[in-house]
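In what follows, chain A forms one complex with chain B and a second complex with chain C.
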Partner chain A sequence: MNDNDIMSAITATFREIFDDESLIISEATNQDDIEEWDSLAQIKIILLLEREFGIKFDVEKIGTLSTVGAIFNEIKDINKK
Partner chain B sequence: MKELEYPFDSVQILKLQKKYRKALLSDNLIEKKIAILSGSTIGDLKGVLEIFLLNNNIRPIFYEGMYNRFYEESVFQNEKLDEFKPDIIFIHTTNKNISQIPSPSMQEADVENLLNDEMERFRSVWRSLTERYGCPIIQNNFELMPFRIFGNADCYYNNAITTYILSLNERFAEYARKHSNFHLCDIHYLSAWFGLEKWSEPIYWNYYKYALHPEAIPLLGFNVANIIKAIYGKNQKLIITDLDNTLWGGVIGDDGIDNLKLGNETPEGVAYWEFQQYLEFLKQRGIILCVCSKNEEEAVTLGLNNSSGILKSEDFALIKSNWDEKYKNITAICKEINLLPESMVFLDDNKVERDSVGTFIPEIKVPILNEPMYYRKILDQSGFFESVGFTEDDKKRTDFYKANLARETTQLLYDNYSDYLLSLKMAARVEPFLETNMVRVTQLINKTNQFNLTGVRFAQSELEKFLFSENHITLCSRLIDKFGDNGIVTALIGEIDSKGLTITSWIMSCRVFKRNLEYMMFDSLVEICYNKGIKLIHGIYNNTGKNKPVQSFYSELGFSKINSSDEKTEWEYLIPKNYKKKNQVIEVLKNE
Partner chain C sequence: MRVRVLKETVVVRKADYKDLENIQNFLSREWPLTREYYEYYHVINGNLMFVIGEGESSKKIYGVCGLIITNREKITNYQLALLLVDKNNNGFNSISLIHYIANKLESKSVSACGVRPKALIIYEFLGYKTGKMNHFYKLADKEHYNVAVINEKRFKTSQFGNLKLKHIQSFEELGKLYNFDQNKKANPYKDAWCIKHRYFDSVYHKYKVYLIENQNGANRSIIVMREINNYGTTICKIVDFIGYDSELAGIGGELDRLMKENDYEFMDFYSVGIDKNIMEQAGFIERTPEDKNIIPHLFEPFIQINRDIYYFTNNPKDFHIYRGDSDQDRPVKEYNNN
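And then the complex of A and B:
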């Protein structure tokens, strides 16, 4: 899976959770940019990405994944292992 | 919506709830105000509960309690909740909200005190909410802990936590048995079904104060929605089942009776036997069973009286065995039994039949039956038959319908309809709403669609208010005839004001249509009005889309129309001095 694939899967998940087909995100997008991205939305993002990529995020890190870039890098790291 | 029927995908529901919500919103929904009081994060539970309710045509408006304030919000003055006026209160507490769990060093008497204190804390919540709002309460019981101090002995030592939770649950159950307006949501069962290990995953509590795994939220929301659906009489009442490969393995017409798979001899046979037993239990609790099968009649009789099966011909209210399209037979069953398709569940192993029935009759519930050993699970988990009150009448329901069909056969012997009615030797027992008939009256008012002049639904607590009201006349009646007792089948509520009386609700079970019972009720009402000096009766017809049969009912009674629109017509009746009784065929019994 290349970087583009990962980014488009993350985008698709964000669009579904926030029910916004036109949502555009980049690595810089953070919790302030999307109003509804609160801690409960974060649980769903994590659950859905875990299912999407067949991975498990490190519990300790979940709280730090507050930008799209952080999520993207974490998925890349887990995939490398 | 198929995505919201069992077996649903929980993660998909969490993800797409907003999209589902948009798709389900429409104008034809009943609005209900639901207060969620919680001992943990509510979060997605609200949104998920909302879409499951919308899927049952109930549009919830929520009061979302503050985090872990269920006790304070219930027991102390709460203006916000007063203003909200809840129709239903859901108390979402879990084992995280047990104030003190017993410690292993405690004596039996200490544990008993602890238990009494905890019960008193919850009882004061329920008491206070009941006094203030009088609406139905849905209360979670407790799931087990994810640890056992004494290992296996935790389930029986007096000072063990597992024992303690089981005792609390039993006391909650005892309270529920005694209070018909109080319903338990069994999270003890739900957590076991979901898997206690995953349900108790600590991440979600430690980080977000969710008392359960987010993936369990749809299961919980679905169950709460099913209880609410049943409170408003929107649960299903009748099963129409296919036979070949649905109630037994094999095709009776081809394979013959001796080659059917049913019973202990084969693995498949066990599955069908268990499914039959499950259906027979449903029948005992008041769910009506009917057959719709493409078969010859003799084959069906043979198959149903197979000694290895549980269900016999007499367990079914109606058997349709012919080669017509199934949707035609089902439409005929709706007409003969007089129930709407939305109250029915259609069971068939054949996808083509299921799709065809679902296409022609979109309101009917059609669970997907693929493998015989999972039929029972699919039907059971679908939540069609949630119960919020079990009456003596429920046990006899199939007999009621069968007696009705016998009446119809008798009817053919008479040329004159009133001769037929007289031959039934009918008697009615009329009484006001009483504590003793409250459960049945509530059930009746909320279930009845066709003979229902205003379509207003009530929770039992709302109806109980009429028991002591000076400004209301309430009536209900039982109908008895030579074929048996039909139970309480009609009810009426009238509101007295300075002008006269307004009939705000009038319903009659479709089982007793065309028996002149409605005339008997009107006679009784007129008599009461006469005695109270009321001269003018005001009638309302609200078009609910389901009560067409009674749109000109008031005109039949001799009312004159005073107002009319598409949604509502209003009628008036001035009681004449020489009122002549309209019912001549039913004897009216007075209460002893």
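And then the complex of A and C:
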């Protein structure tokens, strides 16, 4: 899976969670940019991405994944292991 | 697009007593509680039982979670209450607090009742058990009900055992008749201090504490109730049970006697961990989603709807939780509107 595939999957996840098919995100998008992106939404994002990629995020890192870029990099790191 | 540059590290730690005013202010927008409330529920021996997330440089509070303990053992059982987190971009959220409590504070269990349904996903994500508390009730046979809405009169015959209920008037009397250590293996374990603090020294409610005396004359279980007198009627809420579940099955007749003597409109019991068959033997009916009756839970203010209460625990083995746990029996009218 290349970087574009990962970013596409993250975008699809965000659109589903925030129920907005027109939502455009980049690596710089953070929790301030999306009002509904709170801790509950964060868990939903993580659970969907875990299912999508067949991976498991480290619980202690969940809070630090507050930008799309951080999520993107974490998925890449997990996939490397 | 606005990219936030300034961020700070949020330090999660146990609160100090001097943090109380800041915590009270932080929580006031959601729960405007009085200082007295915090002193009663969350200050033990001068220690403030809260965990907070605080900005390392700004000292701003980003989130807090209250702890309620059920015993004063070194490794205790925690029940959570008043969890609130501000949305922020510092990598701190409610999971940071719960994870700290479950992993950094040594405990036998962490649990809560009164969890918001939409927040259950957080606990499930952390691998904890979640669910809805069972709600049982026992109706008086009346022509008119003031508090409950009864569209279908439902009764279950109690199994008359030879167990007796003894009304205990003081903690000293309880101490003479009951060995608190016998329930040390309970999850959570409620020690003498907890029972005294919650049910004899409450500054908010008057509780009725009963010992269950079994056929051998042994006192192995305690049941705690709270009467609510309002709207021209009296109802009785069972708020706690400490002891041997099976003994509940044999007190149906005694509970029926109390209902008659005190003219209760109904008696109800929110619980997790008590087998439904035991409750049926005691003459209780389970309120299911299909139930046509309304057995109100909230009285301050009074809201005439059925209310489901959700819980979580990180230690589900032999786990029990009741309305008297966490802060579910808190005095809502004590909210400070200032």
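In this section, the second predicted complex is superposed on the first by the 81 of 81 C-alpha atoms of A that agree within 3 Å, B and C clash if a C-alpha of one lies under 4 Å from a C-alpha of the other, contacts with A are read in each partner's own complex, and residues count from 1 in each chain.
To be clear about the criterion, a contact is a pair of C-beta atoms (placed from the backbone, for glycine too) under 8 Å apart; a residue touches a chain by one contact, two chains touch by 3 or more.
Here the structure is a predicted model, which means the values were calculated and not measured.
Looking at the shared chain after the overlay, A:Ser39 reaches both chain B and chain C. Touch counts on chain A: comparing chain C and chain B, the chain ahead is C.
Of the two partner chains, chain C is the only one that A:Ser26 touches; chain B does not reach it. Shared-chain residue A:Ile17: touches chain B; no touch with chain C. Legend: residue contacts after superposition of the two complexes on their common chain; A:Leu48 is shown touching chain B, with no touch to chain C.
In the superposition on chain A, A:Ile62 contacts both chain B and chain C.
Contacts of chain A with chain B, set against its contacts with chain C after fitting on chain A, overlap at residues 39-40, 43-44, 47, 59, 62-63.
If you check the complex, the residues on chain A that touch chain B are 13, 16-19, 39-40, 43-44, 47-48, 51, 59, 62-63. In the complex of the two chains, the chain A residues touching chain C come out as 26, 28-33, 37-40, 42-44, 46-47, 59-60, 62-66.
Partner chain A is touched in their complex by these residues of chain B: 11, 14-16, 18-19, 22, 41, 43-44, 203-204, 207-208, 210, 214-215.
Contacts from chain C toward chain A in the complex involve residues 1-4, 85, 87-96, 99, 118-119, 121-122, 125-126.
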